[in-house]
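In the two complexes that follow, subunit A is the common piece, with subunit B as its partner first and subunit C second.
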Partner chain A sequence: MSVLRGYTAYVRTAVAIRLQYRSTILASVVVTLVWILLVTRVWSAAFQGREVVAGLTLESTVVYLTLASLQAAVINTPVTWIMSSRVRSGEVLFDVSRPLGYPGQMLALQAGQSMIQVAVMVLVTPVAGLLGGLSGPAGLTAGLLYPVALVLGWVLNALLTLLIGLSAFWTVDNVGITVLYRFVAAFLAGATVPLIFFPGPLRTLAEALPFRFVVYQPAAIYIGQVDGAEALGGFALSLAWIVILAGVVGLTWRRAYRRIVVHGG
Partner chain B sequence: MSLITVRELTKEYVRTKPVQGRFGTVRTLFTREKERTLAVDRIDFTIDEGEIVGYLGPNGAGKSTTIKLLTGVLWPTGGTVEVAGPDGPVVPWRDRRRLAHRIGVVFGQRSQLWWDLPLIESFDLVAALYDVPADRYRSNLARLRKLLDLEPFLRTPVRQLSLGQRMRGDLAAALLYDPPVLYLDEPTVGLDVLAKETVRGFVDESNRSGRTTVLLTTHDLADVERLCRRILLIDHGRVLYDGPVDGLVARYAPYQEVLVRLDGEQPDGGRLDLGGFIGEREHDGRWRFRVGRDEPVHRLLAAAGDGRQIRELAVVESNLESVVRELYRERRNT
Partner chain C sequence: MAEIRREIRLYLKLRRAALRGAMQYRGNILMMVLAGAAYQGSGFAFVWALLHTFGTVAGWGLGQIAFLYGMRLLSHALWLVTLDGVMQVDYAIREGHLDRMLLRPVNVLSQLATTTRSLLPFGDLSMAIVVFGVAVSVADLDWSPGSVAFLVLAVIGGAMIEGSVAVTIAGFSVRVLDTWAYRLMMFDAMDTLGSYPLSIFGSGMQRTLTYVLPVAFVAFLPASVILGRTGQLAVPAWLGYATPVVGATLFTVAYRFWRRQLRGYQGVGH
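Take a look at the complex of A and B:
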């Protein structure tokens, strides 16, 4: 119980910090909405009046892109910034001397920051639907599986983000690798282009990596591109990735801790 | 029984030696040459419950490294540390979670408070992290609010606090969960006279009424004179002195200095013999004599009166500051 109280407090703290920067939240909303407007127009033009491309209708594609753009907000990585700035300033010293584990603390901070991001995206969904296009889920099963897929995707992304953040213990500054991660992850997750449009080798690569579970899988389940059985297979695979990544995070953290040098003073 | 036991504690930093010259940055990436720095070198000491120990040494002596080892943030290269407690001894870097409840840490140069948030929210977070029961949190906070006069800025974002206010906030945060041990790393650095006195008064009070055991590093020897009965002096990672404050002065400065200005014609040369005491000429024309603590000063005076008129005389007691200054100077010369 006591441990839970600590983590919950971290989530609350992260929410409070996020709310201090309302202009950043506003900017992310504007960027997402403008992006949805642009990308759905471009794709509508690309279909050139055809009904179906690569087995996907224009309507489904537009719904996919609208959802994917909203979901991609999850690939935000505020905790990498918090981690590197605390390593640089030496404040990590306090994090390490807490009665809770360091990776758990950072995960809780990421969760708090994500909560605001998600809440905001849910709030602007009606507007996103107007600018892009939205319809109900493909069916009852799709509607039920969608939130499960979202949660799995969030956990996967959080673990990947944590790994990126831990690089700060080696390089101090992790801004470069964070930017790279966001770019690669968003693309391979299918946030800008649905995976089924990827050419052969690129698609093989994207399917071999875990990023697709963050954006593509939930959105594809929603529009019925991925059916129940395939979705469950995907969930099993996501869970396997989560177990692997949690192990990697644990090992990386142990190495990071052993080579810690607290900067300054 | 001692609360903190440090045995043979050693920390060596190893880092890749940067290559100078053409393409130095790139070549550094491939070099195998390592630079080793022995920051803490086989340190031994124990601290008893209820003590306030001053941990002194010049910049780079290994003070902060020791504190980091004691807080379990750094792994040592060798040796061990044990912090005693009701549920058995804890080795800091092996069991940080159990250690966490036993120690509070305050660094003058960095803060555990969340920059963007009102002060009270950092307190709430700390209370939750250490699972302080609600009623105890309430009473502890009430006490700290009064002792440190936190009321006026409890709801102010930390980034808007003055250094003195922030320091008071950090002290409160470190003691919210009643740790038996408090590590203070330069807690008065950069503070004005009044703010320093607040910090000292608070540490003194926590030690008296709360039985908090304190290890304090500082460059302000007034902190030590006000708070510590015992000091540990380290340099080059080794303990130079461990004992009472007075003992250090007696050991390193077993004399007092007498400054004398003579009337009339000044003797030639830089040295002056007065009744067996050898004086050295100061920049301002005065003569500086060292008189042993057990030697009577009047012998010097009697000799001075013998044909020479003393116009001005000052006896300078050696204090902690003069001793430490002397020690640091010797170090630089070796």
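Take a look at the complex of A and C:
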């Protein structure tokens, strides 16, 4: 029980840290809203005159893009930066000497900071709906499956973030790989283009990678593009990815832990 | 004149030194350049995937959008490669580095511009060349000397427009210290709104992006002129030729503002 209390303290700290940087929150909101305005207009201009393209109406595409842009905000996190700066300064020594697992501590930080992000995105959803476009979920099942898909996507993204962060134990600086992850993953996750519009080979690639479960899967379930067996199959596959990535994080952490000793703090 | 030549010589010396510093972190070089390229490249991947399905957006084909996108990216890379360090002004003030710069016999903005170890601008530059390469091979372009000369001037003008925003915010930084979020918002808005045909918006939005937030001048208006697409503009077509003048004017105003603010510099108590 006390372990759980320890992690909760981390979540609370992350919330407090995030709330200190209010102008950053404002900036992320403005950035997201401007993007929603642009991306939905670009798509509307592209659809011009056509009712349905690749099985999607313009209306549901706009809803998809609005939701996807809000969801994709979760990919942008300061946790990788926190990890690398503590490796650089040696403060990581305090993290690992605590009686809580290091990966767990970082996951709790990510959870706390996501809570604020999610709360903010929920607050601006009405504005996002005005600038882009929103409607109710495609049906009752879609409405029930959407939050499940979101949670699975969050866990996947948190594990990927952790892996990127851990790279700092080898390279000290991880700004490059963080930026690379943020943009490549967001694109392959379907944040700007629903996967069904991807040209052949790119679509195969995006479907083979786990990123699509972070953005595409939930939003596509919401608009009814993915449903029934396909949605459940997606859940099974994302669970499998979560197990694999958790294993990789565990292994990587064991090796990283040995590196810190070499590093000397 | 001799004074300006001296400043340019010193600027180049300092910039070279900064680059030499950046090159010391070998493992990071490729990662940073790749990251810079990925940031801009993911935006173009969006356009490419879209046009793969639809062929045109608001009448613009792949070659034309690539031209617009590449032109914007060239301007963006040009101002970043030359003035990137200006974005570090908050840090320079907080750490007292600006106090030291004020004592040296070199232009302060030029010193700020050259205190950077970032290689991201070269990622932007490499992506700009790639996208522009796509445009040149796909779009039907007018290669007359006049058109090429205007293209060069427009790219420089676009770079000055974006640079003037950075310099203005640096001016505010002298007073309010923490400008990171404003910078992020301004540059993201320019990245987002500057690279796509603004004819996707209604005429009200087009006018706002021309007269209020002059994003349209960076690439959309001059590209419309070069591509012969001024017919669908919601603003007078001749404005497309104004980018070099708008750039020079805005940059001069921004520089004056920065100098004025700098006179009121109080430091943070080092």
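Convention: the second predicted complex is superposed on the first by the 260 of 265 C-alpha atoms of A that agree within 3 Å, B and C clash if a C-alpha of one lies under 4 Å from a C-alpha of the other, contacts with A are read in each partner's own complex, and residues count from 1 in each chain.
Here is the rule we go by: a residue touches a chain if its C-beta (ideal position, glycine included) is under 8 Å from a C-beta of that chain, and two chains touch if they have at least 3 such contacts.
Note that the coordinates shown come from a computational prediction; the quantities given were computed from them, not determined experimentally.
**Q** With both complexes overlaid on chain A, does A:M83 touch subunit B (first), subunit C (second), both or neither?
**A** In the superposition, A:M83 contacts neither subunit B nor subunit C.
**Q** Of the two partners subunit B and subunit C, indicate the one touching more residues belonging to subunit A.
**A** The partner making contact with more of subunit A's residues is C.
**Q** After lining up the shared chain so the two structures overlap, which partner does A:A186 touch, if you call subunit B first and subunit C second: first, second, both or neither?
**A** Touch partner of A:A186: subunit C, not subunit B.
**Q** Under the stated touch criterion, which partner chain does A:A220 make contact with: subunit B (first), subunit C (second), both, or neither?
**A** neither
**Q** State whether A:E91 touches subunit B only (first), subunit C only (second), both chains, or neither.
**A** After superposing on A, A:E91 lies in contact with subunit B but is clear of subunit C.
**Q** Could you tell me if A:L100 is touching subunit B, subunit C, both of them or neither one (first, second, both, neither)?
**A** First partner only.
**Q** Where does A:V42 make contact in the superposed view: on subunit B (first), on subunit C (second), on both, or on neither?
**A** In the superposition, A:V42 touches subunit C alone.
**Q** Contact residues on subunit A for subunit B in the complex?
**A** That would be residues 2, 5-6, 8-10, 12-13, 16-17, 20-21, 89-91, 93-94, 96-101, 257-258, 260-262, 264-265 of subunit A.
**Q** Where on subunit A does subunit C make contact in their complex?
**A** 23-24, 26-27, 30-31, 34-35, 38-39, 41-48, 53-54, 171, 173, 175-180, 183-184, 186-187, 192-193, 197-199, 202
**Q** Write out the stretch or stretches of subunit B touching subunit A in their complex.
**A** Residues 13, 64, 68, 71-75, 96-101, 103, 105, 107, 109-112, 114, 116-117, 121, 124-125, 128-131, 157, 185-186.
**Q** Sort out for me which residues of subunit C touch subunit A in the complex.
**A** Spelled out, the residues of subunit C in touch with subunit A are 25, 27-28, 31-32, 34-36, 38-39, 41-42, 45-46, 49-50, 52-54, 56-58, 120, 178, 180-182, 184-185, 188-189, 192-193, 196-197, 199-201.
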